[in-house]
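Below is one structure, written out as C-alpha cells; comments come after it.
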Amino acid sequence: MLMKTTLLHAAGFTAISLALATGAAAADKNAAPASTPVGITLVDVTNAGDKFLWRRLGDATGNPLYFYDKDETTGKSSCNDECAKEFPPLLASATAVASGDWSVVARADGAKQWAYQGRPLYRYSGKDPTAEPPGRRGGRAGGPEALSDPASSVNTPKQGWRRAAFTPESTTPTPSGIELQSLAVANGYGFISSTNHMVTYVLKTPPKDTARWAPVYAPAVARPIGDFTLATREDGTTQWAYKGQRLYTFSGDYSDTDLNGILAEKDAKPALAFEHYTPPSVAVDILPYRGPVMTNAKGLSLYTVSRYKLQYGGRHARDGYHASYAVAKLVGTRGCTADCLKDYRPLVAPANAQPSGFWEVVARADGSKQWAYKGSALYTFAGDKKPGDIQGNNRHEVMYGDKEGKRDLSVTGGDNAAAAREMAGSGLYWHLVTFFN
Amino acid sequence: MTFMKILSRTALVAVPLCFAAAPASAAETRGYVISWLATATNVTDFKANCPQNKNGGRTEWTIRDLVAVGYTRKEAEDIVTNAPNSTELPADITRKTDTRAVLANGQHVSIYNYPEAVTDPNIETVSGKFAYGFDLGGKTEANKFEDPDTHSKVDNQMWRAVGCTESFRAVPPVMPFPEEVAWNVMVDTSPAWSLMITGDDLSKDGKVTLTFDRVTQHLERDSAGNVMSNASYVIDGSPKSHNVLHGEIKDGMLTITPSNLYLQGEMPYYAEIAIRNAHMRITQQPEGKLLGYWGGYVNWMRFIYMYTARPGNGSDSVGLYHAIKKLADANPDPKTGQNQEISTTFRMEAVPAYIATADGKVLGMASAGDVVAPAKVAGQ
Amino acid sequence: MKNSCFAISRALTVAVSMLPFMAGASLSPASAAENEVPLSLRLSPSQYKQSVLEIFGPSISITGRFEPELRDEGLLAIGARSASISASGVERYDDLARNVAMQVVDAQHRNTLIPCKPVSATAADDACARTFFGAVGRLMYRRPMTDKELATKVRLAGEAANARHDFYIGMQAVLSDMLLSPNFLYRYKTVETDPAVAGKQRLDGYSKATALSFFLWNAPPDDVLLKAAASGDLHTKEGLKRQVDRMVSSPSIEGGVRAFFSDMLGFSDFETLAKDPAFFPRFTPKVIDEAQEQTLRTIVDLLITRQGDYRDLFTTPNTFLTRPLAAVYNVPIVETADNGQPDHWVPYTYKPNDPRAGILAQVSFVALHSPAGRTSPTDRGKALREFILCQAVPPPPGNVDFKFVQDTTNPVYKTTRDRLTAHRSEAMCAGCHKITDPIGLALENFDSAGGFRTKENGVNIDTSGELSGAKFDGPVGLAKVLHDEPAVTACVAKKAFSFGAGRAPSATDAEWQQIQAKFASSKYNFIELLRQIALSDALYSLPSSQVASVQ
C-alpha cells in the first residue's frame, strides 16, 4: 500500500491530505502489511450503550466469521461434509496470497480456505444469534458481560465454535514501553509510546527540528524484539528503531488521536504494524481546529447518517460519536432516499469495488453501489463546496409518526414498541465520519 | 456575593453599556461567549398564571398516564406511592403507558414517537398577564402578554404553552429542568457560541454590529464552576452559525434590527437555535457581563422534539407537544394550515471573551478587569 | 558502606535536620557546615522515577507517594544529604518497590525486560537469575555488584522460586528487595586510593559517574558512563571532558535543567497552592499544573534552545501559554486544538517593556508566593531574596499580628503598600520588611493569582521600589535592576553547584572563582556553567569523614 501526502489549500484552512491508495504490494520493505485481505472485513463489537468491546472479523457483508475449536491443534480444517453445510468455510480465491497473519489452507476437496493466525475461518449458514444488540438509548453501559468475550456462548450459535476476533497484538512482538494500538486517524494499527501515549513515527532521516521530535528511548535492559531493534545515538543513549527506522514522538501531538507529525516533516510517517484498506476515492484531511476529517478524493467531507440516540454531549469531540455497526446496517441505504438525495450524495463505489477492513460495498435500491465505513453508508453534502466545509454535519431529521401509521419509522427504530422509551426521539442524525481508535 | 446571585435579584438592570476605556477615535469590538441560554421564564404569581393548578408535577402526570391505560385513580396513586420514585415504575407498567398510542390499525406504538396518536390531555396553559418577549407582529391581541420590564405588548405563545408545567417554573440562574441538565453538559462538551459587538465607542449611544458565531472549543469553566471570563476562543470558520446583525445602543440598552438568527447546537439541548424575525435587547452587567432577551419565531416541532426525545426528564412531553402545537402562531403550512412556528423568548447571559479567527487575528477583546492591550499574538 | 536493607529498615528514626535561621544575615559566606561534603544523598522522587524509567522503561507505572523531602539552604538537593527514611517512609518505599517489581516480571514485561528464560518456570534458575541481577544491579546500584552481593541475590531468588514453584516470584522478591535497598535509594560516595599520587584518595569512578549523571541529567548513569567509570576514563581530564561534552549536548540535559530550576524556584510548594475561587475564579487546577510547565518551558527555551544569557530570564518576552494560563494573564491566544482535545502550548511573545515579561511575572512566582486571597509583597520579596539572590531573610517573630495587613477592605489603607507601610511602623517589623517589601511591592500589579491589574480598591497601584540602592518602578524596572545585579548570577552559580554537590561551594576556593569567571565570560550561558561545574574537581570532593577514616 502506498501512502502519499498532498497539500490542499482551502479557504481559511491549510490542510495536508493523507491519501491512501490501494495497489500491488509496495516494493518498500517498510510498508505495513494490510490488516485484512480483500473480502474480509473488520467489525467493532459494542454493547447496548455503544461502548466498544472488541473487534471481530467479518465476511464481505460483515457477517461474523468463526473458528472451530477442533481445528485449533491441527491448523487444518476439521469441518467437512455436514459440518461444512452448517458452517461453510470462508473460501479464498485461486489467486489469494498469504501474508502475515493470513494464510490459505487447502481443504480436503482441494478448495482453498482463509485462515487467520493459523486457524481456518468459517461463516454460519443460519440466522446469527443477536449478540450485538442494535443501539439502544445511549448513556447506559449495559449489556451482558459475556459480550466482551469472543469465546462466550452468547457470541456463538453452537458450542465448539467461537467468533473470530481480530488480535494483531498477539502476533506482533513489542518491547516494553511501546504498545500496539488501533490508530484510526492513521488508518491502521500502530505503535504508541508508553512515555506519553503518543503515536510514534518513523523518519528516514533525522528530524530537522530536533526540539519537536523526541526519540523513543529504550530502557537500559532492553533487547531487540520482533521488528524492533536498538540504535545508539550520538549522545550514547539508545533509541528504538522499527524495521530499521528510528522511532520518535512529536511534541505537537497531544493525544493518541493526533497525527500532526506528518504535517511537520515531509518524510515522517506513523509507525504502523498494519494498514487498513481504504478506497482510492477516500482521503483523510487533518484540519487545524477541526482535527481529522474523512473526505472524498476532492477533499469534500464525508458523512454518515444513523438513528438519533440520546447522548449527553461529546458529539463534537474527535471520537465522541459512534453509531454502532448493528444500527448502521439496520439503517443501511434507507437513511437517505428520495428528496434527501438532493442534499446528500452517495459516495459511489465502482462496479469492481471489493470490501475489505472497515469498508463494505452496499447496494442502493436503484442498483448503484455505495461505500460504507463501519457499516454506515457514506455521503457528501451538496452544500459543501470546498475542502474544509462541513455544512452537512450535526443535522437532525425529526420523524414523528402519523396516527394512520402511514409513515414508516422502521428506519429510525421509532416503531419499536418493545423499546418505546429507549427508542424515543425518532429521527435521523447526520455526522462527519468519526475516527475511533 | 457572586455574580450569578446579582443577576437573579436584579433581573434586568439598565446599566449604561460602558466598556473599558478605549481610544475614542478607534472602532472597538468586544468579545463574549454565551454563558447561559434558556427559555425565558416568569414565575412570579402562580395563582394568577395557572389558576386551575391542573397540571401538577411529575407525580400527577404519571398518575394521569396510568389512568389513561385503564387504572383507576386509586390504583394509579398506589402504584406511584409504592415506586422507588414516581417515575421508576415497574417495566411492564411503563411499557403500557409508553405504548398507549394506538394507530388506526390498532397497533400500539410509542407515545413519544407518535404523539399525534395520543389523546390531547389538554394541559393547563398560562392565563396570566405577564411574560418576557417582543412584539413580533402577532395579529391576535388576546394572545399578547405584557413584558414585565418594558411593559410592551409582546408575543410569547411558547411561554403560554409551557408556563404552567412544573419543570419550566424555574427562576434564573436555574433553567427549566430539561434545559438545565442538557446545558450543563453542553458547557463542557459542545462548541460554544460567541458574540462580538462592534461600534465606534461602546461607552456611548450609537450604532453597533453584532456578530454571532460558533467557536471551535466548548466553554471554559472557572474554579467556582461558572463560565470563565476572558478565555480565548477561535471562531469556527463554518458559515452555518455565522450571523451579522445590526443594532444600536440607546440609553444603555442594545437592541437590534429584527433579523434571523441561526446557531448550531447539540441535542439533547437545542439541536439549533433558529429564530426567525429575531429581536434582542441586551444590557451590560458588572464585570463586563451581558444579560438580555432574544425573541422571535421558532419551529415548534423541533422545539418539542427536544422533550419527546428524552422521556420523563422533568416534563410531560406529550402534553406539551399538543399544547405547543395548538398555540403555534405563525407560518401556516400551505397544505394543512397548521402553524409551523411559535413565538418564543430566550433569556441569555454572556461573559467577556477573546475571540480570534483561525489565522490568528484577535477580533474581539475581553473586557473584564484590567485589559492591557495584547502583544503580538503568536501563531498556530 | 555495607548495609543490609533489613537492618536499615529496622533502624527507624526520623532524622529531620533543621538548620537554625540566620538572623539578620544577608549574603553571608558559607559556613563550614554548609561546605561539608555529604557522604550520601537520598534519591529525590523525580530521580527515583527517572531511574525506574531509564532502567525498565515507561510502561512500568509508579504509583504511590514518596517520603517528604527536606529543603535545606533553599534546595531540596541539599536537604537530601540529611534525609533519612521514617517508618512510614519505609512502608511507602516498600509499596513502590513491590509494585515496580511485580510489573517487571509480569507476563506483559518479562519477555522484554528479563534477558533469559528459565529452564523451568516453576523452579529456580541460578544462571538466568545471575544474568538478570548482574545487569540490573549494576544499573540500580550505579556500580557493579560485588560477587557476594550477586551470589546472595541469586540464592534468595532461588529459595523463593523453589518455595513458591515460580521462577518469577523469586525474581520479583529479590528485585523488590533491591528497590528498597539503600544502595538504590541513596547515592553513596565511595573512596579509593589514587594510584597516581601516593597517599592521596579520590572518589571512585562510579561515584563520579553518579554525581555527574544526576547533576546533568537528573538520571542514573547510563551504560556508556558506567563503562567510562570502569575503564578509569572519568579520572582523566580528557575522559571526563568527553563524557561531559556528550551529556551537555544531549537532549537529556533538559532533564537536569528542569530538575534544577524546579528545586531552585521552590516548585514543591505547588503541592499546597490554592487560591480563593471567589476572588480568583480563573485560577483553576489546570493553571496550577500548567504554571510550572510554563516557567520550565520558558527556561528551557532561553537557556538550552537559544543558549541565552541567564539574566535574560527576568526580562525575556518569550514564553509559552495555554488557554487557561492566557485567561489568568488576561491575554488572547489562538490555539489550534479542536474541541475537547488537550490544551496546546502556544509560543507567546510579549511586546517590548510589557510588564508581564520575565519569569518573575509568571504564576509560578507571583502566585506561588502569595496567600490564597491577597498578595504579599513580603512573601514575594522574601522569595526573591532567597531564591534569586541567595540572601537569607529571618522568619517573623511568633507574636506578629497580621490582621491589619490582611484587611484588604480597610477603607483608609486601600492598597497593600498602604497597609504594609502602616505595619512597618512597628519597630520590630521594620528591619525585615526593609529587606523584602521594596522589591515585592514592585510586583503589585500582579494579583494573588498572577492576573495583571493597575488599581486596588479603586486606587492606582504604586509599584516603585529599590534594590541595593537602585531605584526602579514596576516589574520592568525590577527586572532590569536584577539583570545587572551581580548577586543574581552569583546566586544561580552557587545553587547550581549546590544542586550537583549537595553542598555549597567555598567562596574562597580558587577553582570556584574560576568557574564564576568563566560563567561571566560566557555571557552567563547557563549550560556552560553546568559544563564547568561538571569538569571541576570540586564536584567530586571527598567527604571529610572518608578522608579522615582512610587516613
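Structure notes:
Per-chain numbering from 1; labels A, B and C assigned in written order.
Here is the rule we use: a contact is a pair of C-beta atoms (placed from the backbone, for glycine too) under 8 Å apart; a residue touches a chain by one contact, two chains touch by 3 or more.
Quick caveat, the model's predicted, so the values are computed rather than measured.
If you sketch which chains touch which, every chain touches every other chain without exception. When chain centres are taken as C-alpha averages, the shortest distance to the whole-protein C-alpha average belongs to A. With each centre defined as the average position of its C-alpha atoms, the distance from subunit A to subunit B rounds to 39 Å. Centroid to centroid, with C-alpha atoms defining each point, subunit B and subunit C lie 52 Å apart. As a whole-number value, the distance joining the C-alpha centres of subunit A and subunit C reads 46 Å.
In subunit C, 336-340 are the positions where the chain touches two or more neighbouring chains simultaneously.
The set of subunit B residues that touch two or more partner chains comprises 189-191, 216, 218, 234, 358, 380. In subunit A, the positions touching at least two other chains are 288-290, 314, 316-317, 320.
Per the touch definition, subunit C reaches subunit B in the complex via residues 275, 277-278, 280-285, 317, 323-324, 326-327, 330-340, 346-351, 354-356, 451-455. On the side of subunit A, the complex with subunit C involves touching residues 173-179, 193-195, 210-211, 214-215, 217-223, 225, 233-237, 252, 254-255, 257-258, 288-291, 314, 316-318, 320.
Subunit C meets subunit A in the complex at residues 53-60, 108-109, 111-115, 135-136, 139, 222-225, 246-247, 249-252, 305, 336-344.
On subunit A, the positions that touch subunit B within their shared complex are 11-13, 288-290, 308, 310-317, 320, 388-391, 393-394, 396, 398-405, 409, 412, 414-418, 420-421, 423-427. Subunit B contributes residues 94-95, 98-99, 101, 103-105, 107-117, 181-182, 185-186, 188-191, 216, 218, 234, 236-240, 264, 266-268, 271, 301-302, 305, 308-312, 358-359, 380 to its touches with subunit A in the complex.
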